[in-house]
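Note that the chains are named A, B, C and D in the order they appear, and that numbering of residues resets to 1 at the start of each chain.
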Amino acid sequence: MDGPDSKGLIYHVTGVLYRHGLNIIHNDEYVSPNGQFFMRTEFESAPDVTFDSAALLSELNTALPNAEGITFRLNPKRKKNIVVLVTKEHHCLGDLLIRYAFDELDADILAVVSNYNHLQPLVSKFGIPFHYVSHEGRSREEHEEAILRTLSIYEPEYLVLAKYMRVLTSDFVNRFPNRIVNIHHSFLPAFVGASPYRQAYERGVKIIGATAHFVNNDLDEGPIIAQNVKEVDHRHTASDMATEGRDVEKIVLSQALKLVFNDRVFIAGNRAIVL
Amino acid sequence: MDGPDSKGLIYHVTGVLYRHGLNIIHNDEYVSPNGQFFMRTEFESAPDVTFDSAALLSELNTALPNAEGITFRLNPKRKKNIVVLVTKEHHCLGDLLIRYAFDELDADILAVVSNYNHLQPLVSKFGIPFHYVSHEGRSREEHEEAILRTLSIYEPEYLVLAKYMRVLTSDFVNRFPNRIVNIHHSFLPAFVGASPYRQAYERGVKIIGATAHFVNNDLDEGPIIAQNVKEVDHRHTASDMATEGRDVEKIVLSQALKLVFNDRVFIAGNRAIVL
Amino acid sequence: MDGPDSKGLIYHVTGVLYRHGLNIIHNDEYVSPNGQFFMRTEFESAPDVTFDSAALLSELNTALPNAEGITFRLNPKRKKNIVVLVTKEHHCLGDLLIRYAFDELDADILAVVSNYNHLQPLVSKFGIPFHYVSHEGRSREEHEEAILRTLSIYEPEYLVLAKYMRVLTSDFVNRFPNRIVNIHHSFLPAFVGASPYRQAYERGVKIIGATAHFVNNDLDEGPIIAQNVKEVDHRHTASDMATEGRDVEKIVLSQALKLVFNDRVFIAGNRAIVL
Amino acid sequence: MDGPDSKGLIYHVTGVLYRHGLNIIHNDEYVSPNGQFFMRTEFESAPDVTFDSAALLSELNTALPNAEGITFRLNPKRKKNIVVLVTKEHHCLGDLLIRYAFDELDADILAVVSNYNHLQPLVSKFGIPFHYVSHEGRSREEHEEAILRTLSIYEPEYLVLAKYMRVLTSDFVNRFPNRIVNIHHSFLPAFVGASPYRQAYERGVKIIGATAHFVNNDLDEGPIIAQNVKEVDHRHTASDMATEGRDVEKIVLSQALKLVFNDRVFIAGNRAIVL
């Protein structure tokens, strides 16, 4: 749930759960400096109780003295349906495929879509549909329409940009609000845009990083879900940094997806709240 | 509060706070795998309300359907009174003194006690009493009695072992249950005992660390509050590791003390729960 | 090269290279506290020069005024031949296979050997021979003999224990001196032996880690090549720690293998020198 | 030494040292992608040898077949003379003073200069001259002239900006080429300019950092000497980030100064080479 903070929110909400005989396994809340309240409550019903989600949601909406602006979401624990978009690089995709193959992803990969066919052999090893949607000879809008046609087959809940190297239009992004996760190969906001490792080398940084974030209208903007870093030194060329960085990228992306797929990420303006 | 978990604990407790007109600023809870419930609730009263802590505590103790084994503690936000014990090394003490001088420690250093007089000049710069209690010519018990006599002047709530290099007896430790914080110069449980950097060098580790923990009867045991690490390589001698390690030690100790002095650390057997 | 330190070693060796018209790309040396000298020199010959490695090695052995105990090794830059041993866990193997499939491993995986057949489907996706050598109904010695028979087909330069969960006998280990790389799922020397994440949970550590090391006669001993760590907190069960730890394990193993396969690791007693 | 790379540089230089009877303790070199050669050689003379630095330097300059553009610098191991500039924040200065008081700084702090008098009491504890040079009622140029007059008393080799919060003019900076070390309270190049923690909070980053760098003409530019980072989460306000960041800042600054004062940092354009 999230909305404007007011006195008694935790009390009233946990009261509804208590009266429904539900057992809270984990509860975490956060109040932002500007007075927004966020709470994630993980609960389970007893084996002998028929859980009525509609009734619960209805009662939650009426239990608060001041519920205006409060939104409740009931998310049963289940795997999310996703489509992965890639270009040519394999490391993030490979990591996702291995996790998926061993049921560690908290998601079902319905398909992989790419503007190149380089990664088709890898994807086919895992028995997942691969769609090669080239951007050659197409305007950006035409290309995105072709991708959207492919996506319409699968109706994924989330799109994962696992090193998809094309900028998406606002029109495209707006169709998937806070449902597109991107991995950017730098410690944002350092080195936005192209060739971040080249930029990092030229700036002579001693640490490189990677950032997983939701995509919004601005390139390399959108709420940051997870970041991680790795030490480098002057001996690392831009290419060496890219090699080292790939290990950071793939782990950060997986960490972020785990949080997203377990409904642990809330959005507060341009910030991600992880509960 | 902590005690056996049961349904409705959050609801009942937040209900008491709500009826007292108290506003929850932050609430965090944890249920251990063996069914112990821990909750830390940070709240404030409205400016126009007279806060009656005795009434609140009393009502909390009667509000729960099943309060058996549940303990409530009401800790007003205030600085803790501490005494720091040291031997010869200055880095942790120096860091604490600088923080204290600029009101960053969440504690008042009532005195520094040492079995050597090496650090007396440093302590005197900051206008804090320094007690030199030598262990020379004294049995361990006699030495500890002398220290206890000094401590009795101050009646500190916490003892901070900021590189105090003598093992304490069970008798001594038992007088301050979960009130003695030690910094150990290794990433426990690696390298317990003496000369951990020498051990680390000989084992050829690539990372060194430091551990802040409560002291219990066993040497280098007791719940771990905070740990941190630093990369080293084969060029680091045992002495170089010690030098690098000092920076880790002083920061980890301060981090741990901040948690302890803000009443954020709960004890579950030999584990520290940080809420 | 390595051996006893003496004055002029760098000068004499670089002189031989200079007279052979070789260009030093990178040179790194280390003198241990007990007077052992280690030097790794990366050089290339000019395109128009015929490189005579035998002559070079011969001259190196005669160039030093005091060459007693000095060993030279000339390693052309090439991929190493390896066999990977696994049990049931897939994460390290999966990471190696993806790297291998995209030519990032600096090695050729000749085969995968396992005492279970769980990972056969994964390995077969990558077209690599998989040998299931069960330990059921065999003594430790009989099992190792069966493995050795399999290895004799491939004559690998290195064995990689990518979560191979059986202890190897001295006899086995001695056949591959400093040629077996293991990944241990703890920050050694903390938590040697079985169930390190269980141990870590019970000790309440705030950081977990993984260690890649050469295998020698003692369990979880042998020179440490690489280590890395990850923060955890009280919410992590032993199982959560294992999950988080797997990401550390697979990255640390790959980092260590990259150093080993590029001939960057020297052995000094029980310490690994990385040049 | 540094200059254009050519074949035989290590050989010729170590030959001169060898003929002078000098023993190399540590040697490290680096060739940049654009063909610049950097070498740092740490050596000692035998107790019975009179070390003639002028003769050595002269011979080094004539020993190379192609010495054009090569610069040699002979730096005896000794403490550097420094002046520290601060504004109001105490944490970096406090850390330097404690290290200095216990002879751990590899430098003598000749004086502390500040545009405020807040830190005078702290500095006076350590018996170091404190100069309050207010910028009130002065133009930037007048203020810098006043500072330069103060500095002229001490003729320091290095200026350390330990949270000196005023931008320096090019004229000022050019008087101390690669001799001014600054600590910037962000992971550069993220969040250049003022209020980096405020910027970091608003961007919702999950990691904050600090950067020690040489100062050149551009604000927050100049070769990066050392960086470090710390994880944060959504609960950290900008003020919390600043508090956490101070620990990173003071450690990074000290690490960078140790490298600089031990003559381990070379400059290659806008990159710092640490040998």
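Throughout what follows, a contact is a pair of C-beta atoms (placed from the backbone, for glycine too) under 8 Å apart; a residue touches a chain by one contact, two chains touch by 3 or more.
Protein names from UniProt, one per chain: A, B, C, D = Formyltetrahydrofolate deformylase.
No experiment lies behind these values; they were computed from the predicted model shown.
Homomeric contact chain B/chain C is classed as same-residue, with over half of its interface positions used by both copies. With centres defined by CA atoms alone, the chain at the far end from chain B is C. Our note on geometry: chain B versus chain D, Cα centroid distance of 36 Å, whole angstroms. Between the Cα centres of chain B and chain C there is a gap of 41 Å. Shown for chain D are the residues that touch two or more other chains, of which there are none.
On chain A, the positions that touch chain D within their shared complex are 30, 33, 187-191, 202-207, 209, 223-229, 233-235, 237, 268, 270-274. Across the interface of their complex, chain A is touched by residues 90-91, 94-95, 98, 101-102, 104, 122, 125-126, 243, 247, 251, 254-255 of chain C. Residue ranges of chain C in contact with chain D, taken from their complex: 7-8, 10-11, 14-15, 17-18, 21, 23-29, 31, 231.
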